[in-house]
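Next, two complexes with chain A in common: one pairs it with chain B, the other with chain C.
Then we have the complex of A and B:
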């Protein structure tokens, strides 16, 4: 009996449930303590804020399950937004596809370098982080030039349109999460993702196209980051250059909180969604308190993250 | 059945870094035959397999494949975190109308299929939760179900229990009946002679013999593998252990009442200087756990370890300082650091002794490493060679050297000869002997009864985590050991009768 793996299995269940339990507790307490928390307006806002991060974290989930990491998504998120805003002058289609294509291509190059040259994902995607951020500054004249999106354009509708007051991005993120879950668990590509991260050498011998799988997940991660950027630009009606700094770390954090093993081979989309929920509820509650200096927000979320991780560690024993 | 080759290899040569791993090798596998591929480690078996399966392309020669080849390896090459069923069907999952993987059907098919291999475990649980033997069986099932015409098995039984070996051999026979050709690589003579039709012997990259196996006496086969004459081997026997060691001094190691529930219970072990004590018992009887308990790597409910009469705190650091060293069973995960050089691997444990204020003396290191390479006859191109490039036997010697560097008084050896070839095995056995003669106290764990009977002066037989018997002198026979191991079965039978 391989005790290591048995422990890992137990951990998986506990981690997933641990994050879910934490989310439920968090929501319940916030609901009781802060009267405004449970209001429909607040919940809509919460879901909308979470949807952008969820789209990025979805790609990150796949990358981390293959045992990799993608540090470029924060920069690609910002680049995607600027490209969408710039492209919006040529119509809806250009505004949407340009960020997907460019960010997807950068993701593809990430994957290509990682899979074919055996360079560490950390290094390759760190380089892309710098590259994409630099490209962004170059095309916006160091951020001085902010591209606006015409308020009455169809593209803005993509970010600001609502159903029962819930923004379109929420539905887009939810649909992508369901699709992502299906791809991960019910397609050969998904099985290859698990196999690649679970035991790469074995995967090669089992006939899994490891290189293609890696290229696939990084391309996917880049594309999704670009999409999240486009949605954010549509919502903000402009390509904001300063967003996305450190977003890659938020994405990694929610994926790991959601029970995906940082070492690869195990993880779920649902866990990631729960992780996004948890981090957004925390930020929301800090806003509710109101008196807290906004600079302390990340201090509090950092401490809270640490508590969650420590709890998971304790649950593992 | 007409002889129709499914694999035909002619004059294949493969060179790695100037060393000929395969030199003009011919090899023919006929449809429906079980072909033994034997040779010492480093003889070129693995290279030949990799050339056959297309992982390596040969530098010269011709290969004709007439069918699909599946390979199962010595180490289970599956994904431990994925479910049993997912592993079994990876890459050819049954699908529903939407083109999505039909998990219900996959699990049902996996369950049914694995029953044919004697596995009744939950197919939706991660593969890693199964016993190694069961995992190996899943790997075999996978290889076979891939509609292979040829199945290559590289040491498939090296980590299996006797019962599992029987199941595996049954499966091999079934495949044989279905007309599937099998290349069977093993060091276990019994298995080879029981199931194989033909044999090819490789030595130093050259095919030295190919023909029917039954007509080849065992001793001749061994002599072909080793390249030594039959006489020479007969004189020295099949294991390389010498005389028993006579020790009448006080025990240097006394482990009393070691208990770590549920794995071991009230185990006592004492070893005198110069004595080799064997731990016998089935897999899971608590052998490895006992060794780990002695070195402090297993949390204890209670129990004491004394070295030269003094109690040792229960942690690895203290045990090591007191002079206990352990050679772990799993070289890959618990010992060797493959990307470091031979020198670095050897001095690792002794670094604290070799350094002053955190700075190590390189010349001192080199002296020690050279001495051990000579003394243990480790085959390396230079001390700076990466350990990963060495054969299993030489890796084992590197590990042995690492622990000997620390000048231990007590050496715990867990399966020191597992997975290494006949020649290296004999050398490791001879080394154990030498070390004991020099006064080291040795605890030897082995699944091979012959190794224990020849190598140990005294045997402690474990059963279900308890001492089932201690054998010495004239009691050191196969029958006595098996009786001690098997007593449980009889107890059970009695118990059942009583309860009815």
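Then we have the complex of A and C:
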């Protein structure tokens, strides 16, 4: 009996912490095999690259826990960057708030359509993926105009400033992840998010404000994607128009790798952060192996995603 | 009161079923009246040739969506097919095409296996191939675009049968085949049953797993056919761009054509009309010199409007 229990517990631990174990193993092996991996410069770079994706994936985590999906974040990420770069000529405050407001508003409309009209999240956010890209093209003269940010402006500091060599975006992403975890686990809103994704019909009957919760998570997802775009623009000192294509899929992949179920009702912010870490370490290692070109990154990421979801599925049986 | 209510319900129902046809007719009439050179043979040829690859992919997508699934990997499968072609073109076009289709078949069967046997959600199962497939295609092709010179293979993209471009003929024949498959065969009935209620289908003793694997395999093969035709038309193998975002175009066409994402129903003619509608919208916007930005936003609005009209009420 106790053996059965022990096995069950072990399975559960593996299921919940599988991504964490994989991350620790990956880091340990990379550290030993690649001398440059463990250097402070490389780790700083790794964390910085991961922070932008982590901010987007945080919003996606909430959306997926409600049983939804948000395909618009890649376009909103790019749009946020362009708006921030354009707004930076009017000062720090405009550069930061404009992308949050516009992307948040598009996320709000996503939520409104999904919650109030019973349309599938997949198709609504697919439409706003197109819409946000169109809007981006419209304000950049069909993509021909890349807005620059003055290198001495305070806004650039937000993306390029460092503490002990670690960039500000890392701390912003970490703070948001902690905040997100607290909201998810310690607030009524968080409980409603879980209830909405777990059993929507029962949640409605129990008086959970399902519609409001859905509008909330999509608004949050849009706002965070806009913020990630603003931070990226500050880091790159310009509003690059071509970024963010396929980023929504990266975000979904890291959330799933982190153990959040696409069927909703279950998931953690920490898992998502670990998922981001895993994907970025894999990419970093492939870069360290000089002979492999970047195309291998997506092959390895795809295979890895596959292994994780198959394992999750088998362990849950 | 009941009479008015019934009449409104009937009218809504009719609009749900036939909205896409109404929209196509309206758009054609608009173009006849306001677009120069619309009613020319050359223009029709261009429109059909551009729509053919999307249609072929959308047909497979309609079947997958009918089982309450989705296949995000179709664009990556097109890229794989494109990458395979130059490798085997030395052995003759037929061998190259067969190899490309085999890869599509294997990719589709793999998706079907993950969905049916392992029990992974279709979005995630096919997402893995979307992420990895194009990378694999680029690795195979060494990241390069390869010009193709085999005249027999290129003829596929340039020649006509009875005055109609070959790719359009193939797309038409495939549409008829898929329509016959869904409406006239046991497989078609089983497919719709699985999509409508998988549990009930299992309990009724239907071969659910075989149907699912079959549907994803068909979708993979159709995507590979589309990739082969698009490659021959381009006269080059371009795995970096081939079929990029095709999954979104195909899903859009299927949904606009009235096939619900919730499964249990496949509308083949609606899918054809969905492809035609999206192609006409794009052509109309381009012919009237609207920039890409506005075109994309209008397409977004059309998608939302179409799904709003067609949505199932609780």
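Note that the second predicted complex is superposed on the first by the 297 of 317 C-alpha atoms of A that agree within 3 Å, B and C clash if a C-alpha of one lies under 4 Å from a C-alpha of the other, contacts with A are read in each partner's own complex, and residues count from 1 in each chain.
The definition used in the following text is that a residue touches a chain if its C-beta (ideal position, glycine included) is under 8 Å from a C-beta of that chain, and two chains touch if they have at least 3 such contacts.
These figures come from a predicted structure and were not determined experimentally.
Of the two partner chains placed by the overlay, neither chain B nor chain C lies in contact with A:37. Contact with neither chain B nor chain C is seen for A:218 once the two complexes are overlaid on the shared chain. When the shared chain is aligned, no partner comes close enough to touch A:86: not chain B, not chain C.
Of the two partner chains, chain B is the only one that A:265 touches; chain C does not reach it. Of the two partner chains placed by the overlay, only chain B lies in contact with A:201; chain C stays clear of it. Of the two partner chains, chain B is the only one touched by A:188; chain C is not.
The larger set of touched chain A residues comes from C, when the choice is between chain B and chain C. After overlaying the two complexes on the shared chain, residue contacts for A:249 are found with chain C alone; chain B is out of touch.
Taken in their complex, chain C has these residues touching chain A: 70, 72, 114, 118-121, 123-125, 127-136, 138-139, 143, 248, 251-252, 255, 261-262, 291-297, 299-301, 303-304, 307-308, 311-314. Against chain A, the residues of chain B that register as touching in their complex are 71, 73, 76-82, 86, 90-91, 93, 99-101, 103, 125-132, 142. Those residues of chain A whose C-beta lies close enough to touch chain B in the complex are 1-2, 4-6, 8-9, 182, 185-188, 191-192, 194-195, 198-199, 201-203, 205-208, 261, 265-266. Across the complex, chain C is touched by residues 69, 113, 117-120, 122-124, 126-131, 133-138, 142-143, 249, 252-253, 256, 262-263, 293, 295-303, 305-306, 309-310, 313-314 of chain A.
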